[in-house]
C-alpha cells in the first residue's frame, strides 16, 4: 500500500536534482536552471496533492460530479508567475555580472573579488604609512 | 474608512509604486513616495492604538469569510512590527534624495523609489496577512525588489552579492512553499488561525514535522541566522547606503516576525518547544552566531562590513531571547527588534552620510573624521554604544530584559556568554571610535564638511528616539509585553 | 553537460513535460500557464542570455560532496515526511474535505462562472492574484533598473541599414511570421475572454500576446519594434494594469464593502462579480504582457549594445 | 455513413502513427543533422497532419472540427518554416551535410549531438 505515495517520491527526486544543480554547479546560468527545476518540481508536488481519483478538471459542466481540488491550482498559478519573475531578474543579474566581471563562473568571480579586496586593502595600508 | 485601515496599510504604498512610474520626475517621485510612506506610518500608529484598546482586528478581503478568502489579522505583534517598518522607512526616505544623487545614476532614480516602495509593500504585506500562502506572495515581492535594490550599488561586487542573495532567497522561499504545501496537505486550510486549530490533531505525523522543519529552515535563510548568514554581509555592504539602512532595520525583523508567527501561533508553543528540540537548537545557533559574527566584525576593514556582521550577531541575541519562550524573554526579543531597528538604521544612515562626503567607508579613511563630521560621528558613536548596551540607550533596555529572562530561567552560563558577547561589541565599536577621534587624518586626504541637513535630520531623529526610549521605555515596553502576552496566550 | 544551449533546451522540454503532467492531473489552467511561461518565455529569455554570455560552460572543479550531503539530507527529510501523507488520488483526504468543497459547490451561486479555478483566483483569493501581478511588475521594474541603457540615436540608423540588407536572408520566416502574428494576437484575446469558461485568463493571454510581439521583434529588429511600442508606452501600460486591478478594489471599498468585494460593484451581486473579474483579468493581462515585452526588450537591447561594442572593437583592432 | 467515417478515420490515424514512429526511428538512426531534420519534418507535418485528419473524421460537432482544421493549417504553416530555419542556421554555422559513405562509419559514433 505504501506504493500509493509514489508521486511524492518522484517529486522529491526531481526537487533534489534541481537543488543539487543550484548548490554544486559554478555556472550562473546553470544555477538558475537548477532553481527553475526545483521550483517546477514543487509545483508538481502541489498539483499531485490536488488530484482526486476519478475527478475531472475543475470546470463546472453538466453530468460531472467529482472534481479535483481547485485551490492548489490557484496557488500554483501564482507560484509559476513568481518563478518566472525570479528567473527574469536572475538572468538580468547574470547579464550585468558578465559585463562587469567578463565571466559567469562562480570561481572566476570569487577570484576577481578577492583580488579587488586585496587591492583596496593595499591602498589603505599604503595611505596609512604615508 | 477606519475599518479599512488594515488593508490600506498595504495598499497605499503598493498603489503609490505604479503611480510613481507615471510621474517620472525624480524630485516629484521622492516627495510622493515620502508622502505615501508617511501615510503608511500614520495608519500603523492608528492601527496600534486601535489594537491596544480593542484587541485583534480581522479584515476579510473580498468579503469572503476566513478560511475561504484571505484574512488580514492585526494583533499587537503585527501592529508593533508595522509601526517599526513604516516608521523606519519614512525616516530613511527623508535622506534618500540626497544620498542616491551620489550613488545611483540619474535616470534610475524613479525606478529606485518604485522598488523601495514595493519592498516596503512586501514587508507590510507579510506582517499584516493571516494567510500562509499570502505570506509567500508578499515575501517574493519584498525579496525581488530587494535583489534589484542591492544590485543598484556602485561596486560590481553588489551584483555578485545580489545574485547570491537571489539564489539563497529563492531556495528559502521555495522551502517555505514546500512547508506550506505539506501543512495544507495535512489540514486542508491555509488560514493561519484555522491552521493553528487544525494542526494539533495531526501534530504527531511525520509530515507535519517535515513541514515545520522546512518552514523554519526557509525563514532562517531569510533571517540570516548563523550558519545560513553567508549572503548578508556582502549584500549589506555593497548595496546603496539608503537600501542598507532600510534593510538592516527591517528585513531581518520581518523574517523574525515570521519565525515567531509560525512557531508560536501556527504550530503552537507545545509543538515547537516540547515535541521538538527547537529550544536548544535556537539557543545554540544564537550563541554561536553572536560569537562568530562579533569576532568576524572585529577583523573587517570596511565599516559597513563591521556593522553587517554586527547585525548577524544581533539576530543571535534576538533568537536567544526567543528560545527562552517565557513572557520576559519574548518581551526582550520584541523590544530588541524595535531597538535594533532604531540603532542600525541610524548607524547605516550615518555611514551613508560618510559615503556621501568621502565616497567610501574603509576604516582607514575614518581617521580624524571626528573633527570633520562631528554630528555624524557622534551619531555613530551613540549607535555603537547602544549596540554594546550602555545605560541610557535602548540597547541597555533590551539587554537588561534579555538577561532578566535568562536568569529567571536559571540559565546562568548563557547570561555570562551574552555579556561576553557584548564585550566583543565593545572592541569593534572602539576601533571605529579610535580611528575617528584619536588618529590623524591620512596624509593627502582632503578635509570634508559636515553631512548635509537631509542626512542629519533623519539620523538625529533616530538617535533622539534611541535615547528617549532608552530613558523612558514605558511605551515600547508596554506594547512589547502586550504582544508577548498575546503570543503566549496569557490574557493581560 | 557543458553546452548551455542544450541545457536550456532540456529545461524547456522538462517544463513542457511537467505541463503535460499537469493536464494528466486535471490542472488545465496550470498546464496552460506552465507551457506558456516555463517552456515559452523563460526558455526564450535564457536563450537570449546565452547569446550574450556564450554558450559553453567552463570546465571547473566543483565540490559535489557538500552539495550531495545537503541534498541527500533534505531529500531523506522529505521522504520521511511523505510516510504520513494521504495516498495519491484519495478523495477523502483532509485537503479535499475542509476548504475546497465550498468552492466546488457554491462558486456557481456565489460567483457565477463555470471555471472554478478562475473564480477562486479572481474572487475568493483575489488578493493573492493582486500580489502576483505586483510580483511581475516588480520583476519588470527590477530588470529595467538593472539593464536599461540610454538611447543612442546615431547608431540606430546603422542597425536599420543592417536589418534591410538581411531582409533577403530571412524572407521565408518573415512572411510566415507576418501571417501568423494576427492569429496569435487574436488567440490571446480569445484566451483573455474565455478564462471564465475554460482554461485561460489574463495571465496566459498576456504571455501569448507578449510572445507575438517578441516574435516580431526577433525577426524585424529591435529598432523596428521600438517604433511601434516604445519604452514609455509599455511602462504606462504596465503601471495602468496594476492600477486598474487596485482601483477595482478601491471602488468596492468606496461602495462600502471590503477591499475586492465585487458584490458591491453592481446592484446584483453576481453581476458585480462578473464585472469585477472581467476588469481584474484585464489588469492582469495588460501588466503581464507589457512586463514580458519590457523584459525582453531590455535583454535584447543589452545584446545589441554588446554586439555593437564588439564590432567597434573589431574595427579598431583591424586598423591597429 | 458512420462506418465509412470510422474506417477512414482509423486508417488516417494508423498512417499518422506509423509516420510518427518512423520519424522517431529516423531521428535516432540517421547519420547527420540534415537527414535527421528530414525525419523530424515528416513527423511534424505529415504524421501530425494525418492524425489531425483522422481526428476530424471522429469529431462530434462542427466546433471541434473547425478547431482541428485551424490546428492543421497552423502546423502546415509552421512545420516547414521551422525546418527551413533550422537548416539555414546549420548552414550558416558551417555544418556540412555528410555525403560520402566512408566518413559515416567513423563519425556517427563520435558526433552524438
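Per-chain residue numbering starts at 1, and chain names A, B, C and D are given in the order in which the chains are listed.
The working rule: a residue touches a chain if its C-beta (ideal position, glycine included) is under 8 Å from a C-beta of that chain, and two chains touch if they have at least 3 such contacts.
Given the structure is predicted, the values throughout are model-derived calculations rather than measurements.
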item	value
Of A-B and B-C, pair with higher C-beta contact tally	B-C
Identity of the most central chain, Cα criterion	A
Centroid spacing, where centroids are CA-atom means, of chain B and chain C in whole angstrom	31
Cα-centroid distance, chain A relative to chain B, in whole angstrom	25
Rounded Å distance between chain B and chain D, as computed from the means of their C-alpha atoms	58
Geometric centre distance via CA averages, chain C-chain A, whole Å	16
Multi-chain contact residues (two or more partners), chain B	133, 137, 140, 144, 147-148, 151, 178, 184-185, 190
Where chain A touches two or more other chains at once, by residue number	15, 19, 49, 71-72, 75, 78, 82, 85-86, 89, 93-94, 96
Per-residue overlap in chain D, given as positions that touch at least 2 other chains	none
Listing of all chain pairs that touch each other, if any do	A-B, A-C, B-C, C-D
Complex contacts: residues of chain B adjacent to chain A	133, 136-137, 140, 144, 147-148, 151, 156-157, 159-160, 162-163, 166-167, 170-171, 173-174, 177-178, 181, 184-185, 190, 301, 362-365, 367, 442-445
Residue ranges of chain A touching chain B (in the complex, touch as defined)	15, 19, 22, 28, 31, 35, 38-39, 42, 45-46, 49, 71-72, 75, 78-79, 82, 85-86, 89-90, 93-94, 96-97, 100-101, 109, 113, 116, 120-121, 124-125, 127-128, 130
Residues of chain A defined as touching chain C within the complex	1-2, 4-9, 12-13, 15-16, 19-20, 23-27, 29-30, 32-33, 36-37, 40-41, 43-44, 47-61, 66-78, 80-89, 91-96, 98-99, 103-108
For the chain B and chain C complex, residues of the former touching the latter	4, 7, 11, 14-15, 17-19, 21-22, 59-64, 67-70, 107-108, 111-112, 114-115, 118, 121, 125, 131, 133-134, 137-138, 140-141, 144-145, 147-148, 151-152, 178, 182, 184-190, 198, 202, 205-211, 213-214
For the chain D and chain C complex, residues of the former touching the latter	74, 77-78, 81, 84-85, 88, 113
